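Please find the structures below.
In what comes next, subunit A is part of two complexes: it sits with subunit B in the first one and with subunit C in the second one.
Here is the complex of A and B:
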């Protein structure tokens, strides 16, 4: 009963999605967005007309002005600095704009240019000191905050009356201050344009990437040849210029130079930046976050104003929000990866009936023997990790190595070896096509083709993305084994879409159907997923009818058959069920039956653990990987089976001292060649009663 | 109340008492392969215990006490049941534990008499004997719930019914010195107290005649077993198997532990063993994966071989090991004679000899 609940929950409760969602970068923006929606909803409920068009237009106007400053500060924070002087710069730029217009009487375009230049210049002072002189950002901008504010106060004494006395009336100036385009305030339009450019700049353009890189790691950025000092300085210049744009709109809207202009602005802006999720540590941030942060701050301040909360309390509220946001920022940054690593691994229920006996004397097709004890060894200590082996019609032997090479051993004695092709990833399953191209699955890279003249080409490394998966499963993570259909289509397995190749034990620990079978059509150049939800699909072999494949599911301990053509197209049927071990590669035998490598044997402790996901979940959290209960792949065997699902023969090595692990086997001219992914050797076993002329792919392509 | 709450939270989050830590082999326990390379004296598939009078080596092999004579073993006494422990007495006598349920004390080592029998109170798993002070015989009764051969069941049931007994040979009484020990396995007089191995708590304790238990050497990375006197003062402590985080974890996982005990054969449990690697049905841990044909010696031990030299204060000085990739595991007894250390490795069933001069030289002692 309890087990039925566990099985039900494991099948229908998608707990594996939590880790996948948290690993998405957009979750960092999602949290501020949710906060924004909550704040907006709460305020619209408590204040009448909060979301009316008029109120919204007014909000947008203010949001635009502050928004520019937030964008500037965001840049500075992303590059790893801080700019406290934005409030004072804002005031000075406001003064500059009105001074140029009201006193000097300059034309509007000149006023705009002069104001932005003024802001850029003020920012450049910060940039020079922090970027080139390498002063501390905090203390430097604190000093410029005081200096700029003092300058503003001095200028105010001399000019405030003269500015206040004149009332310039230009349509263009009024449009900047209060105009709109199709009901959208001019400042909001300008902000949208700048924000879109800012987004493209940060995510698509080289300087934007440089800024993020410097914020992420200044030293690494420097070592990568990025002009760190110049980029930092330019960020402060940009901050000044953007502040100036905000000030320009402010000046046009209100036209005043009061003593309180820009006071406390840095706190508001900083709150917006942090609330949006732009990390104070640098290296993380986006325009969307800046926008969301701006809106939250604005809604809160305006909401509080409408609710007639006194100014002191407003500031206090903002400061409190800033504090909370800063704490969350620090804790989240520190613990995000830890949380993900805790929740990403989510074991599922995986029931297997008691296995058939293997003990000597117990009888049955799996009864152990010592036939493989005396296999002769090829390349001992000279090859590492030959997962699969294959032979050409000249009897040369090909095998992958963990250095990313395909090694060729020369017939007849396999003493001489060479690097046939260097690919760069771990080669796994291999097959020859009609034209003697060697197709090879490469862990972490995809499906590759090596022509007879050793040219390495990528066949495919992505398939169609599933509609409902959270993880992007278009990229191939662990292409494992393949075979080629008569018309040239290549069917290959991808063992898991949730983990990388070296994390296969985690996939086994999870034992959920995360794998799939993918079809690559070299004639059309297309790649499509044909079967999903398989438990570590591994070996693949085209069946005798040429319309179906046999495929092994390692952690379901089964071999199934899938029809891709013919009257049964699309159907899947079980061929071998409840194997005593974990099936790996499948290949054709000379007598028309099939070889199956059983890479490891089941143990009762793990079979039980597979029925208890909660136990495995805690194991994954509390024990290091080296201490986990693993599928035992130190001992394995080779069996021969037919399409009816009968085991005909098994080949064992009782002690596993000579050839410890078997992930694949290939019959060739009366011998069986054995590969093992954790081995440093290839095994060769003389078969009794085998066709001495059998060459697998010559037979397949009708050359024999 | 708060403590109970904290324990519940700890259990949920795997902190505090529920955190799973095993101390590393470090300091005096730094690994070597001296025990793995020890000289083989005899293959004894049923070997259980060793004792010496300083000149002769006696072993308990199945149901017989045998004397080592050159390269051969000669029977000196034979019983109808398996011997679980024995010791030589200072007066030339002999004490033997049979099936853990009975102790017989003889006046001489050789002979055909039946000796003096002790069975009460409810001896179940007497697994070590030692000559105590003033003519008494000390015995550790590992568990009152499980017989000696089923020690793994006692561990998995979180057994805490071990006792230290003192047998009064003159008057025939048995005195329970201490009870409630989490598997007592090995005892030796320690001034007025008795040094006892408390296996499931991975520690050596000193027990006073009043029954007061004082920890001496704690937080061992192994499960300690019998203790014998070393020639130059101090003791030899054997350890019959090693600890792993996986076993510690399973001990905290009640549901899995109960199902495992109910549904799986004991030899395939997740539990420490005297020998390992004999069947692919034994649980395998990540580090046990053979890579390039090699098993890492520092992988978590399902079985392990270790003898620790203790000082007169009961603290470790140096140790000899047979690591995870070795064979000489499941060390249950070690005695020193003639500057040689004789070791009973119950895992492979071997009597081993280790020249101590060589050990001291290799370890710089």
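Here is the complex of A and C:
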């Protein structure tokens, strides 16, 4: 009864989604958004007409002006700096705009250009000092704050009366200051345009990536060839230019050059940046965060003003919010990965009945023997991690290697070897198509094709995205084994969509159905997922009818059959259930049956633990990774089975001294070639009653 | 690289001497005993604040809330005495407020790991707001009869030397001994030099950082008391001024690198003298306040550029995002 509840919960309670949601980057923005909603809700309850169109339009106007400055500062913070001089630059740009318009009487487009150029120039001073001369951003912009402010004060003495005396009246200028487009204030429209461009710039364009890279790690960015100094300098220029745009709208709206313009603005803007969740110190941040931060600060300050809170309380509230936000931001960034690693692994219920006996003397098809003890070895010490082995019709032997190569051993003695092709990722399952192209599953990369003239091409590395999955499962993480249907379609297994290749033991600990089978059609160039929810699907072999595949599910200890064509299309049937070990690759045998590699044997402790998700969950949370219960990869064997699900024969190597592990086997001209992902050799075993002329290519594609 | 051996302290001292000689030669009324005492008296408070900032900066931090601690706890003393409390009670309250404030700063920086810059920016804002909202009735807290005798701290003269100068000198001696003769002082230098290394060698980094900010808050409070005693009131709006930049100027100009681990009391004294001379000379020359700020800013910029050439940032121990 209790187990039934556990099984039910494991099946329908989506606890694995928590870790997947948390590992999304937008969760970093989720907290500021929640704060914004709370603030907005609280204020709309306590202030009448807070959400009326007039009030909203007014808010939007201010939000736009400050928003531009926040965007500029965000850019600087993302690149790893800070700009405290924005308030003074704002004042100077405001002065510049009004000076050009009221005193020089320049036309409006020139005024706009002159103001933005003024901001960019002021920013360029910062950029030169910080980017090229490598001064400290904080102290430098603090000084330019003083210098710009005193320059503004000096200019004000001379010109404030003349500026205040003239009242320019141009429709275009008034539109900038107070106009709207379909009810949306002009400044908000401009802000939206700039913000969308800024988002695309930061997330899609190369300079944006450079900025994030420099903020993330300045030295690494330099080492990878990014023009660090220039990029940093340009960020300050952009900050100045964006501040100028904000000042332009401010100047058009109010038309004043008071002594207090821009005083303390840097604190407001900085608060917005920090509240939005743009981390101080660089490398993280987005336009959405800048926008959210701007809105929170504006709502709080305007709300408190409307509620006629005294200045002192307003300061205290603002300071308290800034501090709490900074603490949460820093704690969250520091511990987010730890939290994710605690909740990402969510073990599931995986029931297996007691395994069939394998002991010597116990009888049965799995009874242990020592037939593989004396296999002869190929390439000892010269190859690493041949997960799969395959032979072409000229008897040459191919195997993958850990270094991302496919190695070819030449017939007849397999002494001479060469790198057949370099791919870059670990080659796993392999198969030849009719035209001698070698298709190969590459862990972490996808499905690759090597033509007979050794040209390496990517066949596919993505499939259709599942509608309801949280993780983006369109990318192939761990393509494992494949086989090719008579019409050329390639069916390959992807062992897991939740972990990377080196994390396969974690997948074994979790034992959830995270794997799938994907079909790539080279004729149409399409890739489609055909089966989902499999527990580490591994070996794949097209069955004798040419309309179905046999596939092994490693952590379900079973082999199933899936029909992709014919009357039973879409059906899945169990062929072998409750194996005593973890099945790996499946391949054709010369007598029409199939070879199956068993990579490791089950053990009662893990079988029991697989029925106790809570137990494994605690283990995953409290113990270091290398002390979790993982599936064994110990003594394995090769078995021969038929489509009816009968085990015909088994071959063991009890001591594992000569050929320690087995992940695949391939029959060729009376011999069985053995591969193992942890081996530095390939095994060759002489089969007693096998067809001495059997070649897999001929069997599959006909004698050439 | 003989040139590299010239410390910034030496350069600044040379500039100070040159400037002093220039003013003394060209400016009428500069090189008089009265003006010298006035010069020192004017910068004594700044110098005391500089000592507080120096402790924090040597430990690779920064304290922007010094002006708030200068204004609020001493303002509290004046306000409480005005409201009828005894002077000792008021002083105790101010002391406790300063210590509590320093503890909060230190906790946020050392334990919550919020960058010092942002912590002190926000806590300074908070303390100023607290004073404005809850503690003071008026922006300028006035002197009251209960404080009789206390004004000697700011206006007294001992052996012909004004009291603020004596307080500054005493503070210099105490802080100097703390930094050079005690274990805590050595810890502060070690932390400023390489915080991770200090932690690895077993220095109690976090408690020491907290101590730095408590000391800074206490020194800020002392400076505020001296200031209040010399002008017979506490203009709490001083928080809105750009005074904190002057304090940083004193420290950086004197040669205490912002990357920490370097400098000492002597640097603060030299920085203070230079600023005092500069301000005094400019005042005698009747330069406007804004122009004085502009010149100050330029001098500060030159000092920072010189500093970055003489004490280049150590990229190995500089934290990521160490702005």
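Here is the rule we go by: the second predicted complex is superposed on the first by the 698 of 704 C-alpha atoms of A that agree within 3 Å, B and C clash if a C-alpha of one lies under 4 Å from a C-alpha of the other, contacts with A are read in each partner's own complex, and residues count from 1 in each chain.
Keep in mind that, in the parts below, contacts are C-beta pairs under 8 Å (C-beta built on N, C-alpha and C of every residue); 3 or more make two chains touch, one makes a residue touch a chain.
Values in this document were obtained by computation on a predicted structure and should not be read as measured data.
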Room on subunit A for both subunit B and subunit C (clash or fit): fit
Subunit B versus subunit C as contact partner of A:253, first or second or both or neither: neither
Which of subunit B and subunit C A:316 touches, first, second, both or neither: second
Partner chain in contact with A:512 - subunit B first, subunit C second, else both or neither: neither
Contacts of A:608 with subunit B and subunit C, given as first, second, both or neither: first
Dominant contact partner of subunit A by residue count, subunit C or subunit B: C
First, second, both or neither for A:154, with subunit B first and subunit C second: second
Smallest distance from any CA atom of subunit C to any CA atom of subunit B, in Å, after fitting: 19
Subunit B and subunit C contact sites that coincide on subunit A, given as residue numbers: none
Residues on subunit B engaged by subunit A in the complex (per definition of touch): 14, 19-20, 244-246, 249, 253, 255-256, 259-260, 263-265, 268-270, 280-293, 299-300
Complex contacts: residues of subunit C adjacent to subunit A: 62, 108, 112-115, 117-119, 121-126, 128-134, 242, 245, 248, 252, 258, 288-294, 296-298, 300-301, 304-305, 308, 313, 315, 319-323
Sites on subunit A touched by subunit C in the complex: 80-82, 129, 133-140, 142-147, 149-151, 153-154, 157, 215, 217-219, 267, 270, 274, 279-283, 310-320, 322-323, 326-327, 330-331, 334
List of subunit A residues in touch with subunit B within their complex: 384, 505, 600-606, 608-609, 612, 614-615, 618-619, 621-635, 656, 660-661, 678-681
